[in-house]
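Presented sequentially are two complexes of subunit A, the first with subunit B as partner and the second with subunit C.
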Partner chain A sequence: MNVIPQLILNSIIAGSIYSLIAISFSLIYNVTKFFNLAHGVLAIIGGYTVFYFAQILNWNIYIAITFGIVFAGFIGLILDKIIYLPLRRRKASNMILLVASLGIMTALQALLSILFTNEFRTLSRNINEQKIFQLLNGSLTQTQVIIIFVAILITIFIVLLLFKTQFGKAIRAISDDDEVAKIVGINTDKIISYVFFLGSAIAGIAGILMGFDIGIEPTMGLNLLLKGIVAVIIGGIGNVYGSVLGAFVLGFAENFSMWKIAGEWKDAVAFILLIIFLLFKPRGIMNK
Partner chain B sequence: MTKNLLIALVLVIIIIVGYFIYKQSLSPVTVEPVKIGFIGPLTGDIANIGENLKVALEIARDEINRAGGIKGRQLEIIFEDGQCNPKVAVNAANKLINIDKVPIIIGGLCSSETLAVAPLAEKAKVILFSAASTNPTIGDAGDYVFRNVPSDTFQGVFAAEYVKNTMNLTKVAILKCLSDYCVGVSDVFKTKFQELGGTIVAEESFPQDAKDLRSQLTKIKAANPELIYFVSYTDGSIIGLKQAKELGIKAAFFGADSWSDPKIWQEVGKIGDGALYVEPANKNLPETFITEMNKKTGGKEINAYSPRAYDALKLLASLMIEKGVDPTAIKDALYTVKNYQGIADNYTFDNRGELTEGRYIVKRIQDGKAVEVK
Partner chain C sequence: MDYLINISILFSIYAILGLSLNLLVGYGGLLSISHAAFYGIGAYTTAILLTKTNFGFLSSVILGALLAGIISLLIGLVLSKFKGDYYALVSLGFNIIIFSIFLNWQSLTKGPFGIAGIPKPELLGVDFSDHFSFLILVLIFLALIYFISSFIVNSSFGRVLKAIREDEVAISVFGYNTFYFKLIIFIIAAMIASIAGSLYAVYISFIDPSSFQVTESVFILAIIILGGLANLRGSILGALFLIFLPELLRFIGFPLEIAAQMRQVIYGLILVLLMIYKPQGLIGEYKF
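Then we have the complex of A and B:
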């Protein structure tokens, strides 16, 4: 039997999840210019919110999902308002913002552990009724099909938002030079807080999808974020298409390397790829 | 002036110290309890088994104390969480050995906990007694290291013979987590299975906390085995079984004793049906033990190790009553234990602190429950 079709599918699934994290991470990075390490944990918060409403309170799953997405975005917004914004106003360096986000990540992760324990949870209940599609000798579950479609839709949405709307223009202006943006009359703080909401909500979507496909646990955020960051760096920082491309390059590299070497080295492959890019193509694939 | 103040101060100190010495001489001689330690996963992945073990130990402790304790001294167990993680287990052991000064530690549960703690226990001359760790190398981990669960040198051989001779299958794939336990038992299985003439068509591994086994399973599927020998702890097993189903893997699953955690079968539901696993054979448990366990756990299934932990504490308590609480005396006595009648098994230790024999049963999953295959 041929493994290639299944490996391609596995790569696409992994790439889709990574692309959601990469896009949302770079969206926030572009306007704030610091590595927001708390971003991964927001994805997990989205997942746990759905877990709480759908499995503990037994709410309708669609309402729970909507809630999860909005809640993740809301937490992102709050973090900006009470922590990042005051720091920015004080002209804190990016290093201080990075350390602050590391602190937030640790605190939020601990909070999730306290509320939900460290146990691994899956959001999907009836795995037996899950439809499985066969595609050229490989199989794909319903959830995975949804993951791929959501990744495509979010990418299109972000591209349209950035290049076809006034709001997107403001984001691009801030990302080029926030001082100049301020001078021409853009309310940068307001735009940045919207970007935090949007980016965190997309991270929340990624976390929820992962919760349905694999499962979630409080400590999973950092690893997920690191994969997103690797994707962003491979693709080229600050470029939407680059983030998506980087995510899929990473997904394919991870899964195809497993073809010839043992599966335990998956994470090592991701970071070796990162080092290679940092050494030989530090600006990524898409940036000249 | 300062001189007077100094004299007054000295007097006050003398009075205070004198009062406490006087008071202490008045109070009756208190009988200090005998404290022993426990290390096992009470949170995380394998907490389900760890918590069950804890309840069994509490039952044994209460019975011992009701019967007069250790020569009139109450027995106390200090429960520490090892999280099935060698680093955490070592921290717990350091606390038990250096602060609580326990003569005996019952644990760990996971082999990686036991192997990590063994050198500390050996150095401090503290007995480390596991009721659940099965890695083959534990027998050589130290003079003070014992266990009343058979080594995986028995289990791996039993599983290989069962698959090859009873099930008549020859093409097997191995999927294992990278912990001391998983690697230990699957290596024994592999060697024996090949010796019996079987073929290992694929061998894949994953870190103990991995959450995505698709790449590994994809390769296994391509190798087209008749059976997959899958050794993993609870979370890895749940994920692996689900993802195997998603990938359309039809081969039968065969597991090791870590699958005696009922949580796995509740979580995977119908997917688990037909899976087989091996666990140490226990005697029929006494009704009183079963009722007590059910009362304390709210009717949770009793895993294969809990009655062994109960036996371990009962055996150690009887030796403490006989020889006192000196670990070296208890250690010497343990090596001479012959055919001790416990509720789970009869125990005889060899000169490595290992059980001299291991008997096993095979269980099959039906409707989310493990049923013994006769």
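Then we have the complex of A and C:
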């Protein structure tokens, strides 16, 4: 049997999830300039919120999903207000911000374990009843088709937001130089807090989609985020198209490496790719 | 009583880990999130040598430290290209790569099942199989390593290292090759961490990859940041706090499983609070 078509499809699905994390991470990175290591846990929080409302309380699934997305965004907003904003006001170095986010990640991840145990949870109740689509000699589940469409829609949405709206202009001004942005009258703290909400909500979407596709567990967040960061760096920091491109490069690299070596080495492959890029092309594919 | 001895042994092992990481992060100013990887290299080397060959404990400690030295030399060469938060990110990547080697090189490490039945150590004809005599052994190691560490930081090497941390450009103008200083301290820290790993392996007599994850590196980082960077007594103090305080949770009546997670919540929160209110820790002499 020819495995290449299925490998291509798997790479596209992985690339779609990574691009959601990469885009949302780099939105926040561009306005704050630090590695927010708590970002991945917010994705998982989104997933568990849906799990809680849809499977424990038996609410309507669409309402649960909306709740999950908003709740992830809300947590991101709160973290900015009570932790990152005070640190930024004090002009804390980005190492301090990184360590603080590391602490948040550890605490939230353990909190999820306490609330939901470390068991693997899946959000789709009828996994065997899912429609299977055949494409190019490979197959895709209904969830996976949705993942690809959502990734495309979010990318278009972010590009339009950044380049066609006042809000996007403000974001780009802050990523260029937040001091100058402040001088010309942009309320940077307010814009940054909106960006935290938006970025965290998109991370939540990624976590929810993963929950429907392969399932989630509390400790997944860091690895997911690191994939997003790898994608952002491969593509070129600060470039939306770069992040998406990087995500797909990573998706393809991981899945095609599985052709030759066992799948468990995926994480190692991602980091070796990162190190190679940082050493030889540190500004990424898209940046000159 | 046995319980108190048990906690004291764990405290000593973490104090050794803290001392060695403080050499790197506190005195060298290099934020590494990979310490658990070298800790694991020591633990696995000792576990494999003692269960599969006729090597004695002491030679397994030495071989583990040498292996950690070689691997840290290679990793340190890559890390020398990076600074600040990129250094932290890439070191974290190496932790994940080494963790996935522990997890996936099943013929050597038995993967997720771990290695059981690691014999208690015998050293120079003395048997350290009961907990009290093992505590004495660990304390001897701790005292030795404290002595070596304070020798390093008070030597001219240590002074140059601190100067590099404060102003690398200035110190290289004076003709010091800063590259070697940063590489050597990375190797020393890794080798000491490996010794702590060897002690841990023979004490617990069972190891699996989960003890050497990124969260463990974060825990060691929390120890030295809480105690205080660039202060050796701070690392002892930090280990004292973070090992003994969470034990109180067990007395309040949390079940074992939750207590372990609560420990993570606590040190995560401690990291965040320290970053906001006291980034130099309790008695630290350096902050990021």
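In this section, the second predicted complex is superposed on the first by the 288 of 288 C-alpha atoms of A that agree within 3 Å, B and C clash if a C-alpha of one lies under 4 Å from a C-alpha of the other, contacts with A are read in each partner's own complex, and residues count from 1 in each chain.
To be clear about the criterion, contacts are C-beta pairs under 8 Å (C-beta built on N, C-alpha and C of every residue); 3 or more make two chains touch, one makes a residue touch a chain.
Quantities reported herein were computed from a predicted structural model and do not represent experimental measurements.
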Q.
Quick check on the subunit A-based superposition: subunit B and subunit C, clash or fit?
A. clash
(Q) I'd like to know which partner A:78 touches here: subunit B for first, subunit C for second, both or neither. (A) neither
Q | Partner chain in contact with A:93 - subunit B first, subunit C second, else both or neither | A | second
Q: Check the residue A:3 against both partner chains and state whether it touches subunit B (first), subunit C (second), both, or neither.
A: first
Q: Return first, second, both or neither, reflecting whether A:220 touches subunit B, subunit C, both chains, or no partner chain.
A: first
**Q.** More subunit A residues in contact - subunit B or subunit C
**A.** C
Q.
After the superposition on A, what does A:262 contact: first (subunit B), second (subunit C), both or neither?
A. both
Q) Which of the two partners, first being subunit B and second being subunit C, lies in contact with A:278: first, second, both, or neither? A) second
Q.
Taking the superposition on A as described, I'd like to know which of subunit B and subunit C A:186 touches: first, second, both or neither.
A. neither
(Q) Touch test for A:146: subunit B only (first), subunit C only (second), both, or neither? (A) neither
(Q) Applying the document's definition of touch, where does A:159 land relative to subunit B and subunit C: first, second, both, or neither? (A) neither
Q. With the two structures fitted on A, what stretch of subunit C runs into subunit B, 92-100, 110-118 or 146-154?
A. 110-118
Q) So which bits of subunit A does subunit B touch that subunit C touches too? A) 262, 264
Q | Parts of subunit B lying in touch with subunit A, wherever the complex brings them together | A | 43-45, 47, 178, 204-207, 210-216, 218-219, 221-222, 224, 235, 238-239, 242, 245-248, 267-271
Q. Which of the residues in subunit C come into contact with subunit A in the complex?
A. 31, 33, 78, 81-82, 84-86, 88-90, 92-94, 96-97, 100-101, 103-104, 214-215, 218, 221-222, 225, 258, 261-265, 267-272, 275-276, 279, 287-288
Q: Using the touch rule from the top, collect the residues of subunit A that touch subunit C in their complex.
A: 34-35, 83, 86-87, 92-100, 102-111, 113-114, 222-223, 226, 229, 262, 264-265, 267-268, 271-272, 274-275, 278-279
Q: Could you please specify the touching residues of subunit A with respect to subunit B in the complex?
A: 1-3, 6-7, 10, 13-14, 117-120, 122, 127-128, 130, 132, 134, 139, 141, 214-215, 217, 220, 254-255, 258-259, 262-264, 266
